[in-house]
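Scrolling down, you'll hit the structures one after another.
One chain, subunit A, appears in both complexes that follow, with subunit B as partner in the first and subunit C in the second.
This part shows the complex of A and B:
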């Protein structure tokens, strides 16, 4: 695997849209060719080389390419957008849309990521060592298809609206989350190791939410359904089980209604 | 001698009352009296007669004082600012007519700006929900003639839309609502005992920020499922009662306002309220309608959607329209320092945005087009006063139920003053030259 390192040297005055910074965008290119890739600052288009110092050539394919992003990229959007294979490491914190629409590969952000990370993610793995913003793994505005596959791990906290319209895949948040988890979801699983606020699983058709910490306010649409012992992420514990959202439509399987599941560690 | 002009449209709130009578001097230069309008509407008309009104564009000087400039100089500055900026924001639009909005959109497209209207801090969340889940709605005429269950959720029309209840929702005797108020049941959902709540047959005093829970509980109650004893501070018996009251109506209308669109859960509150509306249509007829604020904020959304495909918070910087409130919405753009020039028209972000979003305006090239002196004109580099739309110039406006109504000119503006549209055309033509667009 070949490694390309890009280092921020001229930070943008406004924000930079760098949707070409992906293993797919770099694949088969030399450092000089990568420097010619386009980036956008407001309504002006220029080259990646104007802002970043680029070293190393990319592999022949995305799968053979690893990108390391260094320097202050707090004002850079779309890092790793639509990546399908390969690896990417963001050494610091990044702005919006990290790994949005990604379909494969591995993306590691060592700092925080802002909102809309892993929007409509289909596959691959996103690991955030810091905190994630709002709308993690959610659908793009107006779309009804959120995250449908792959895995997200956030080691810090996450914001509100995570997993909105989720249909598959898994989100794990080691810290706390803000309001609205898996709103409108039709599948997938979210595990929250920390505490939650309210409105978990609102209008949820199908899917699973597992909470290890507290839930500030339960939605009335979740009906108590006894206790179960589950093994989650290697931890075996007793969970209170709720089914819902009882106000929302649900699918039927073999004549029985399939409800969403909410488990809270006792 | 004076003359009375009848059937005048009131350019204040989204109710867009069309029965105002205005008394003007014989030469049509002075507006003397306003009848039928609410107190806010009357003031809007009478404001145009203020003696201390700014009638010439003013440019902020180094020492902080204002210097009068001509409209030509003002248009030059505005066009140059928009031509130079990498990402200008053009915000407002809700207190001007659709014709001016359309010229504004041409300017936005040429300068590849971000464009947004006051929905960003108002009913924008409604528009997000509508895109997510749809909108079963109707016109105010249908409400007047048919509605026998009227629900006001997080809104206070007694103060914000003073003539709404008398013209459309509660008091009028319509075709199927011949007994007026007697033929309707009124439900108010509000954490406070507002003047609207005091009139209601039932007041659900929901806990602050728990509207989503209450709406969820209503959906559960419609289906007759299990409910916890208390939801959002309201006992389950009362929720089931309210659900039955709604189900028993022949025509239910839900009006909602800032209390749900800009409190915790925002678009989700509307999303689930629309779901409640859909659910009710299993049992009876039900519609839902946002209580739009500015008289033409609805029109701005219509013009944006017609020309760019999205109703607000549009980013044209890459040459095509993108829409993602949270990123492309005005407060986020300002607070995150994503923009480098600010153009305001027909709105007052200085008074309504959080201070973290107002401060950046003072530090960048900025233009405020507004007949009044406002906090926004106070922080802008250039203030361009214009004629009052709906008073000194006519034009197309949209009522809160998406019905287009033409405003009327009733009085002459002070000599030499331009309308929004006239000034925007000057800016557009200059910008075309600067950008080399034919």
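This part shows the complex of A and C:
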């Protein structure tokens, strides 16, 4: 695997849209060719090389390419957007849409990521060592197709509306989350190790939410369904089981109604 | 204005009966002429296909429900935006493009005239503002009449003269083009939470049937002698078994003759027939009724139709058939928007994905192609996608490919997940017909222009007609190596002229032309009763005054082209 390191040297005055910074965008290119890839600062189109120092050549394919992003990229959006393979490491914190629409590969953000990370993610792995913003693994504005596959791990906290319209895949948040978890979801799983606020699984058609900490306010659309012992991430514990959202439509499987599941550690 | 001569192209013009002959087309002062001077700019069209600019007879491209779709589907613009380029302004949207993109896309495919198929009269101003902002193409808009309180009250007593006077007034104040009917009576019934699924279901409160509404509007249309026939989306759209309702609706025009000075021969245009040609009793035994419908239309010369081809895309359905959209959101569970338009109509919007992996969608695709392939008279059947309902209009080149190539159809059939079901429930597999370029010109130019009463103005290349000309990179002398070449050729024109101005060159926009709004100005005898009824309804029921209702002046209709009709003699 070849490694390309891009280092922020000349920070943009406005926010930078860098949707070409992906193993797919870099594959088969030399450092000089990568410097010529387009980026948008406000309504101006310029080149990646104007802002970043680029060293190393990419591999022949996305799978053979690793990208290391260094320097202050707090004002850079769309890093790793639509990546399908390969690796990417963001050393610091990044702005909106990190790993959005990604379908494969591994993306590690060592700092925080802003909202809409992993929007409509289909596959691959996103690890955030810091905090994630709102709408993590959610659907794009207006769309009804959120995260459908892959895995997200947030070691810090996450914001509101995570997993909105999720249909598959898994989100794990080691810290706390804000309001609205897996709203409208039709599948997938979200594990929250810390505490939650309210509106978990609102209008949930199908899918699973597991909470280790507290739930500030339960939605009235959830019905207690006994207690179960679950093994989650290698931890065995007793959980209170709820089914819902009772106010939403649900599919039937072999004559039985399939509800969404909410588990809270006792 | 510049003079042009388009030399050595293979010309297909059903208006003059020209079928692929090598012929020069001369343009001067915005019109087709016999000859031009030696200074005329020469366009070399050798090895290319030359046709008149195409005419879109039914699409939803301007107005409140289109805009509602744009507003509530930001995801439709995701990854479909085009930045400013040369003369083109930025655009976006796949199934509900922005006004600018709408104009550009039509022009690039060789379309120079398009009709907005459903204008809520109360929002005529909005419709005209969007038409104004859609570049290049001439446009008209059809106000909807089939659920209008005035019409329901007059026709309950079969008052044709009053209905006609009201139509004349409404076309004038809304700058409308034709009488459009959507789910007659059913949309009004929707205000009571009901629907009219047959031509005999009574409309609540008004106590009138869809059959009476349709018959009355057919008569009023011919009483006035409007350029276009009555244009109908009948009851019971999209339900298995609906073909019977369609046949019942078509039968209402039996024995009627067109009366007008515009050369139109039909009295009823039944739109997006694909959605109205379903047999079976449920989605399990759903099958094609294309044969029954086309058999009837082939026999009855006073009917015209358009296809409503399913293009197998993700799209946005939108119709004044409010109850249907509510039914649809219950089927696919996707977001639904609904709008009531006071005394006049309603609308609903729901996104829809025509998936090749779902047997119903694949059968709908087949029915849409069976209809034009089974029609004996291409002058009475026009290609549409009921944009954006069965698919975006930008897919016309693909529909043309399917119609012109059996190989392309077979490729698609073999790609369906439920191929066997498509073959057992329709006859698409046994249809060998491949549309000729002449028939294509009939279905997309000469036919719709004639049906709209525009046959003397556009849709042909006869000297004296508007110089709307499309030149395609398609050589009819050469065998088609790959059906996809047809799609490529019809996607982007080599040249397009709109009223004598070059607007497209090598597939790029090079001019914005002289866009006009087409409308119909009907003079009728003074009718104090209708004027009193209008004043009274505005005072009693409308949430706006008449002064705020009319679409007039330069702001709304900056470049009008009125078709004058004198109905005072009757």
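As a working rule, the second predicted complex is superposed on the first by the 266 of 266 C-alpha atoms of A that agree within 3 Å, B and C clash if a C-alpha of one lies under 4 Å from a C-alpha of the other, contacts with A are read in each partner's own complex, and residues count from 1 in each chain.
Heads up, the rule we're going with is that contacts are C-beta pairs under 8 Å (C-beta built on N, C-alpha and C of every residue); 3 or more make two chains touch, one makes a residue touch a chain.
On a predicted model such as this, the values are computed, not experimentally measured, just so you know.
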Practice task
Kindly classify A:202 by the partners it touches after superposition: subunit B alone (first), subunit C alone (second), both, or neither?
Solution key: first
Handout entry: Which superposed partner A:140 touches (first subunit B, second subunit C, both, neither)
Key = both
Exercise for the section: Check the contacts made with subunit A and report whether subunit B or subunit C touches more of its residues. Expected result: B
Handout entry: Where subunit A meets both subunit C and subunit B, residue numbers
Key = 140-142, 144
Completion exercise
Listed in rising order, subunit A residues that touch subunit B in their complex are 13-15, 17, 40-44, 96, 115-116, 134-135, 140-142, 144, 179-180, 183-184, 198-199, 202-203, 217-221, 223, 245-248
Completion exercise
In their shared complex, subunit A is touched by residues of subunit C numbered 72-76, 78, 333-335, 351
Practice task
Write out the stretch or stretches of subunit A touching subunit C in their complex.
Solution key: 139-144, 249
Exercise for the section: Going by the contact rule at the top, pick out the subunit B residues touching subunit A in the complex. Expected result: 85-87, 111-113, 128, 131-132, 210, 212-213, 216-220, 222-223, 225-228, 231, 264-265, 268, 271-272, 275, 279, 316-319, 323-327, 336-340
